[in-house]
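So that you can tell them apart, the chains are marked A, B and C in the order they are listed, and the count of residues begins at 1 in each.
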Amino acid sequence: MMDFITVRGAHREYQTASALRGVDLEIAGGVWCSIVGPSGSGKSTLLNLLGGLDSPTKGQVFIDGVDLRTLSENEMARFRREKIGFIFQQSYLIPYLSSLDNVMLSQYFHSMTDSSEAEEALKRVGLGHRLHHRPSELSGGEQQRVTVARALINSPKILLADEPTGNLDRENTKLIMELLKRLHEEERFTIVLVTHDPFVSKWAERIVTMEDGRIIKDEPLY
Amino acid sequence: MSLFISEAFAVGIKEGFKLWLVWLVFSSLLKEQDRPGLMRPFYLGLALTSMLFAASFLAAPGQQARGLLVGLTGYTFFIFFLSSALALYQGAGVNLFGPLRLTNRHLLRAVITASTVFYFSPDIIGSSMFVRDAAEMKASYAGVYLSAASGFILPLIFIFTPVQARAGRLVSGYFGLPQFLLFLSVIKLLGGGIKGFAEFSLMPLVQAGLMKFFHDVVHQTFVYLMVPDHPMLNTTAWNFVGIFFGSNISIAATLLLLLIPPSVFLHQSFLAPVPEPGGGAATGAERRMFKSSVVADRRRKAVPVIFFMAFILISWYSGAGDTASRLYNPKPKPVVEDKGQVVIPFTDPTMDLLDGRLHKFSLVSGQEAISIIVIKKPDGGLAVCLDACEICSPEGYGQTEGKVVCIYCMTPIPVSTLGRPGGCNPIPLNAIITERDLRIDVAEILLKWKDVKTGKTKGAAE
Amino acid sequence: MLLSLLKHSFLRQKKAMAMMVVSVSMGTAIAASLIALSMDIKGKVSKELRSFGANITVTPKIEGIAGIAGQRRYLREEDIIRIKTIFWRHNIVGIAPALEENAELSYGDKRRKITAVGTWFKKELPLPGETAKFEAGVTTVSPWWAIEGSPPEAGGVVLGSSLSRELGVREGDEVLLDERPFKVTGIVETGGIEDGRAFLDLWDMQQLKGLPGKVSTISVSALTTPMDEFAYKDPSLMSRKEYEKWYCTGYVTSIAKQIEEVVAGGRAKPVWHIAETEGIVLGRMSMLIYLLSAASLLASALGVSTTMVAGLLRRLDEIGLMKAIGADGIQIIVIFLSEALIIGTAGGIAGYVVSIGVAKVVGLKVFGVALSERALLLPVSVAMALLIAAIGSLLPIRRALKIKPAVILKGAR
């Protein structure tokens, strides 16, 4: 049986440099996997391939049995909103919408809005008192928690996180990681988390280390 | 190209296009519902229609059959519209159809075949009669028939091209049974006329029919409510009632009549509560997905309904002008002989003889009804004439702004010259005008009417 | 959600949105007032053509040696009333005879070679065999003639407006016509060649020129059945049934034919070609108007487009993010088109309001009549405005669709 995520011989070349030079990776469903490595090692590029934000110049990416190359742009968008949740390094919220509206925007693109469900999701990440605040009125940690709520609102099968705690202090980082752990245990979605922070990477069940566009180490923690 | 030939071509295209459109939507509807077998009764209906068409073409029916057909086209519209309205109500959750559900397969097939014949044959036969007339006027049968036939075939070519499949995919998903029935009635309304360019659509006919219906309903209601001798029933009251007979109100009311069913449907489509998914969908996302698919389907199905409503509104609006400028041709009011005279009072509860409008009266003599017109002239006098002239067939006169028009040859006649003999003017009658009524000797009427008839027979024998 | 997005979008770019609404409303206003103008002019002209004016003229037949020698022929005045005896007599609503001759007009020391016309302005004719009288004269065939003063009686003359201006003649002055004195009783203005002519009573003219009982043309205004294809058929080729119908139908051709039969030496011709040429001119004019409308609509569509693109460039990140969290092309298009819808509706209504004023002013300035407002133009304006807004947002939408969701991500470019 094919694993939930399968990457086969993925290359990604840019005009001046190549970011990925033949990556093979399999991740089983429900697993929390960290990808670590120095900057420029190609870990973010790999994550973008998994999220369909970028496509490999060579090789294939399968997610849940679907070859991402076969999807048109609109099918890809649909795939993203139904299967994938994103958390980025910067919170990337729409600045003029309240936290509730930001979560509901994701619902809107997915199917239709449901404010009580969105409120519930924000309460789960501990922001029940911040529903109608704009991103600029929230702290960095709170913003990132809104992002978590938004990423998980459509019950995705994979959560892709790119340096989710890159801009946070240790205390907030810990808060976010505990939150992710709790939600992961409740819903058992697959997590692929890119980081260079060993404190963050060790929350995972498996750590993949990259360097120079290749995987150099792949170790399970449990 | 001669006008007759191009007109025949246009009539052909219209019929062909109608057939193609219905074929397209029906076949894609069946594909959507996965019942392609029901195309067969449709084809059977078409075959029967073409047999009827061939028979009528060989038999060359006369004027009477034509009148019947014109009526029939009007009724087909109403029947399809009515059933679409019922189906729309059904779709909106109002259960009117429950006991009428067609569960029997054979019955369903029979209904499809019969509806097909009923839908297409009046138009096709009527249009072919029109084409025949055109051919006779032109005296070039081959050219006219050929252009009509080629016009008919032209849109049908689509059936064998990829256009059919692509268009079919485009419309599927937008049509349920109610939408299809509504579509049929709108097609009928817009293209059901069988008088060539003069009456391309059924709009004027339907408008006139609906307005007459409305008029009669209002009239009967008031007649029923008010006993004629009641003192309350003076002219003023009737004038007030007359507002309801005004064409603006009638047009609005009939439009309302047509637009209510689709409006109810739309109201339901957009405002009815969305059902929750059954079987306990696990996550909120799944729940929302189910509900949004229901909403999306409702919206898609509402698109044709909105589209048709807009169509009806627009064509009603543009057609209303036509009706207003059409001839005012009142229904003759029966009068009876009284001591050798016909007495017509100037005012009675239902009319005011001196209002400047054309008034018609009919006197029954033996087998015939003799029609008399009365109108107030600009100089204040009353013109009293037979509703016929010396030459034309006695189809009578109608009225438009400031003129009286011969219905047969559409010749306008200045109202001020009415009452004078000659030309295309109606034949004047000698009337005794008293203070409150006018009296005509029946002998005079019968004599002049006899002249009309003998004049006509003489003309035909020449 | 969509409403909330739109609300914020409008609130955050008030200036740009206002600009777009103004741009749309200007284009719509110009187009709508042009269309109102063209509709009104067409309506006015065709109505006048339809309801007034002579539609048949009777002139002397020119034939044989007289035609070659160029000798003038005349109709007889006594035949005029016979026109009211034909089968279609009731449909003849106006008759005016004319005797046109060259003459020399002088006032003080100014002299002019002009065309003098003897006619009836208003004259009651007894009808043969009837007690009622028939009113004939110029006023019955050309009701639009504006006469200042009174119609000429015996010994009087009415001058065309440009002629009177040229000579400085006023009502009440005395002029010489072929050396005979006439009193100017009025000035006539028609906007046509009549403005350069002098009009006197038919009898005076006949005396002046020594042509008693003669007229050169008769204009007839008849109420007719509109011409259809049947009317253009050649009566001599018709079947008996058809001929009967043709005969019983008041086409201008059949009426003209019967007039010809009663006016000795006359040839009666329908004058529809005048209407036809006017129709061509009108057609060209409305073509021009439509082109101008299209140009102004296009210009404001461009305005919308540039403003929207500028706004889009500031929202690149936002759209990238929306795509990253799963918005597909259609959803992005819906957002932009909804904006265009609001801009278009607002601009269309504003444009319609402006166009009412513009059409009034322009109508008064250019054509001397206030154009009537038309409720029909409101939906038309809104439709045009929506079209502009939709066309204007075409380019921005294309740009927005091209945005890659990865633009917001670090490391990807």
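In this text, a residue touches a chain if its C-beta (ideal position, glycine included) is under 8 Å from a C-beta of that chain, and two chains touch if they have at least 3 such contacts.
Here the structure is a predicted model, which means the values were calculated and not measured.
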Exercise for the section: Have a look at A-B versus B-C and report the one with more C-beta pairs in contact. Expected result: B-C
Exercise for the section: Tell me which chain's centre, taken as the mean of its C-alpha atoms, is farthest from chain C. Expected result: A
Exercise for the section: State which chain is most central when centres are taken as means of Cα atoms. Expected result: B
Fill in the blank from the handout: Per the C-alpha means, the centres of chain A and chain C lie apart by a whole-Å value of 70
Fill in the blank from the handout: chain B to chain C, mean C-alpha position gap in Å, rounds to 34
Completion exercise
Averaging C-alpha coordinates per chain, one finds the centres of chain A and chain B separated by a number of Å equal to 65
Problem - Contacts with two or more other chains, residues of chain B listed in rising order - result: none
Exercise for the section: Would you pick out the residues of chain A that each touch at least 2 other chains? Expected result: 82, 107, 110, 154
Exercise for the section: Show which residues of chain B lie in contact with chain A when the two form their complex. Expected result: 283-289, 291-293, 295
Handout entry: chain C contact footprint on chain A (complex, rising order)
Key = 14, 44-45, 48, 51, 53-54, 73-74, 77-78, 80-82, 84, 86, 88-89, 92, 94, 96-97, 101, 104-110, 113, 150, 154, 162
Exercise for the section: In the complex, go through chain B and note every residue touching chain C. Expected result: 3-4, 137, 391-392, 403, 408-414, 417, 420, 422-425, 459, 462
Fill in the blank from the handout: Contacts from chain C onto chain B in the complex sit at residues 87-91, 93, 130, 223-226, 229-230, 240, 244-245, 247-250
Handout entry: chain B contact footprint on chain A (complex, rising order)
Key = 82, 107, 110-112, 114, 117, 120, 153-155
